[in-house]
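My structure is below; once you've seen it, I'll send some questions.
Chain naming follows the written order as A, B, C, D, E and F, and within any one chain the residues start at number 1.
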Amino acid sequence: MENDKRHEAGLRVMEELFPEEVRSGMKGLKNVSPDLWDMAVSFGFGDLYSRETLSLTQRELITLTTLITQGAFDQLKVHLQAALKVGLSKEQIIELIIHCTGYVGFPKAIQAMGIAGEIFKENE
Amino acid sequence: MENDKRHEAGLRVMEELFPEEVRSGMKGLKNVSPDLWDMAVSFGFGDLYSRETLSLTQRELITLTTLITQGAFDQLKVHLQAALKVGLSKEQIIELIIHCTGYVGFPKAIQAMGIAGEIFKENE
Amino acid sequence: MENDKRHEAGLRVMEELFPEEVRSGMKGLKNVSPDLWDMAVSFGFGDLYSRETLSLTQRELITLTTLITQGAFDQLKVHLQAALKVGLSKEQIIELIIHCTGYVGFPKAIQAMGIAGEIFKENE
Amino acid sequence: MENDKRHEAGLRVMEELFPEEVRSGMKGLKNVSPDLWDMAVSFGFGDLYSRETLSLTQRELITLTTLITQGAFDQLKVHLQAALKVGLSKEQIIELIIHCTGYVGFPKAIQAMGIAGEIFKENE
Amino acid sequence: MENDKRHEAGLRVMEELFPEEVRSGMKGLKNVSPDLWDMAVSFGFGDLYSRETLSLTQRELITLTTLITQGAFDQLKVHLQAALKVGLSKEQIIELIIHCTGYVGFPKAIQAMGIAGEIFKENE
Amino acid sequence: MENDKRHEAGLRVMEELFPEEVRSGMKGLKNVSPDLWDMAVSFGFGDLYSRETLSLTQRELITLTTLITQGAFDQLKVHLQAALKVGLSKEQIIELIIHCTGYVGFPKAIQAMGIAGEIFKENE
């Protein structure tokens, strides 16, 4: 795959994952560092998310889990929206957070659940 | 659910997840702390893994991801075996690790892939 | 211990640990996920904090330390209040944070001390 | 080196690293814990930053990297200002964050880049 | 306190904390970096552990907790020995690890319990 | 840059960074996952390390720091060799670890120093 195609593939996946307003918000990054923006699109979404073998809902299960584990709660907000958009239900997301409790402890799980509650409310 | 039932439910899930020799190995814990062993069975497996809404294969996607993210590579070995046992393919596990690269960086992903390679060889 | 008793035991410990307004604040969790709330009460407080062998002040020494180490500063606020309520002095809490410096580095210690300063002021 | 001299050496390095208003802001710590303040000055800046073998710009490369890796974004703001003050260019800081992407993943790198963008704007 | 005195104070605390053979083992560090060795003695043990307000048993509760939380299992071995030497019982150490489960998850707690089991056996 | 060129650029940087036997050792990864191997070469080394604005010695300062901070000690061994190969002195590496002490605490710094001591001995 050539680089233009990697970038295009990334943009296509991003459309599947994120609502328009989330994608707009992401462009603040483009102003500070067009190169990191391009890497996030071409490598993050083009090379990684565009691959086969796992579906986008499976990929979002993985993404939510790693973000909760590393305490990256700002990015968690964005990927909770993506998770809902690619078809994970509210109940499955809650269940994922409950499952994580045994692996990351209550503090991170409870903080994640609070954020999920906010995103669910915004999406009602 | 009463406590006996929580414990029984946990043991039942553990049978679905782990081969006999893995479960035997886990019992070293029981000798040091019967109470932590009971909590792992009753809460970890009984309360968490026995719940509905997510399948065991989805739960192992989550578990593998959190273990890779926190660098818990000893436990990763055990859950790679569980992942295979509940039906994730070698290709899906490799794909999960590749997906994680964008979230945890190459060092942890490469270390996880090395361990996965060992487990795959043992299971051939 | 049956499940009702685990829950009751948890609520009893929570009364010892947290002022009324803190416990009210925690109930936001109950609206998003009654199940995670129940686990936090029954397992977190009922099964863990209600045990013997370590006092509640010793348990708060442990809790504050793990929260500082993992950078869980939102939960730190809540447990700084618990620490004061179960009898740790302001001086002991400051000393704990200073001791942690050698183990977690200055950035987390300094951030924790700033938060402790705020909680001390609110409690004057 | 006697203790007075360690403290003085620390204050001298802090003048090289931080603008006056940053140093004033740091003194909130002094009110909560004069002892942790003294350790930060005498050990952190006096014993560590005053050493030879690495320049202050090299030390800030190291400091920015460890703060991004541990997700200590509040302290990152302060050291982004220090990095600029001791002579790292905006381009070098952006490059450091891009390099980190392969080691810490996109979420922390993107969050760091957003903060760097704010600091660059304040310094224009 | 002058620097010689800080170093002496550190060595005195280390004698209280660690058996002779542990202290000998630590001296490998001295060969690679005499300066880091001196900082560990003077700052780590002299400035931090020698302070008042918390007892050595309280300090070891804190140290064990931060080591388990950050997954620093090599250093955990050394401080499990120190914990026993300053008077924490086997039961209290087991209890500390159980308490941590709710905060760090089962994988780290179970790994810590395995190591504790080994240290207890060596000390029988 | 097309994908072939990204891969070639990555291989060229890897030759500058790692001795032949280290590069051979890395190829174990290629057998488990040729795709992750290609990403490590093309993205990790081709896209990231081949960029300008920071020298390879500056990039190794950054890499060593993030590896120490996240406790990735296996990968640390490999990059200690790279650091020496691109021209960092033994003294500078020791100094980097000492500087990190204030940011990551003594346990990780001391473990890193022990590993550095082994690598230095092998390279004598």
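In this text, a contact is a pair of C-beta atoms (placed from the backbone, for glycine too) under 8 Å apart; a residue touches a chain by one contact, two chains touch by 3 or more.
Treat the numbers as computed from the prediction; the structure is a model and nothing was measured.
Listed here as common contacts of chain A and chain F: B, C, D, E.
On superposing C-alpha atoms, the copy chain C sits rotated by 120° relative to chain D, to the nearest 5.
Repeating the A-F interface, with the same residue numbers in over half of the contact pairs, is the pair D-E out of B-D, D-E or D-F.
Across the assembly, the mean Cα position most removed from that of chain A is the one of E. The centroid of the Cα atoms in chain A and the matching centroid in chain D are 30 Å apart.
Here the CA centre of chain C is 40 Å from the CA centre of chain F.
Residues of chain E in contact with at least two other chains: 39, 43-44, 66-67, 70-71, 94, 98, 101-107. If each chain is drawn as a node and touching chains are joined, the picture has every node linked to every other.
Here chain D touches chain B in the complex through residues 101-107, going by the rule given at the top.
Against chain A, in their complex, chain D makes its touches with residues 71, 94, 97-98, 101, 105-111, 113-114, 116-117, 120. Of all the residues in chain F, the ones that touch chain B in their complex are 28-29, 31-33, 35-36, 39-40, 44, 66-67, 70-72, 74-75.
Note for the complex: chain A touches chain F at residues 1-3, 6, 39, 43, 47. In the complex of the two chains, the chain D residues touching chain F come out as 43-44, 48-49, 51, 53-54, 58-59, 61-63, 65-70, 91-92, 94-96, 98-104.
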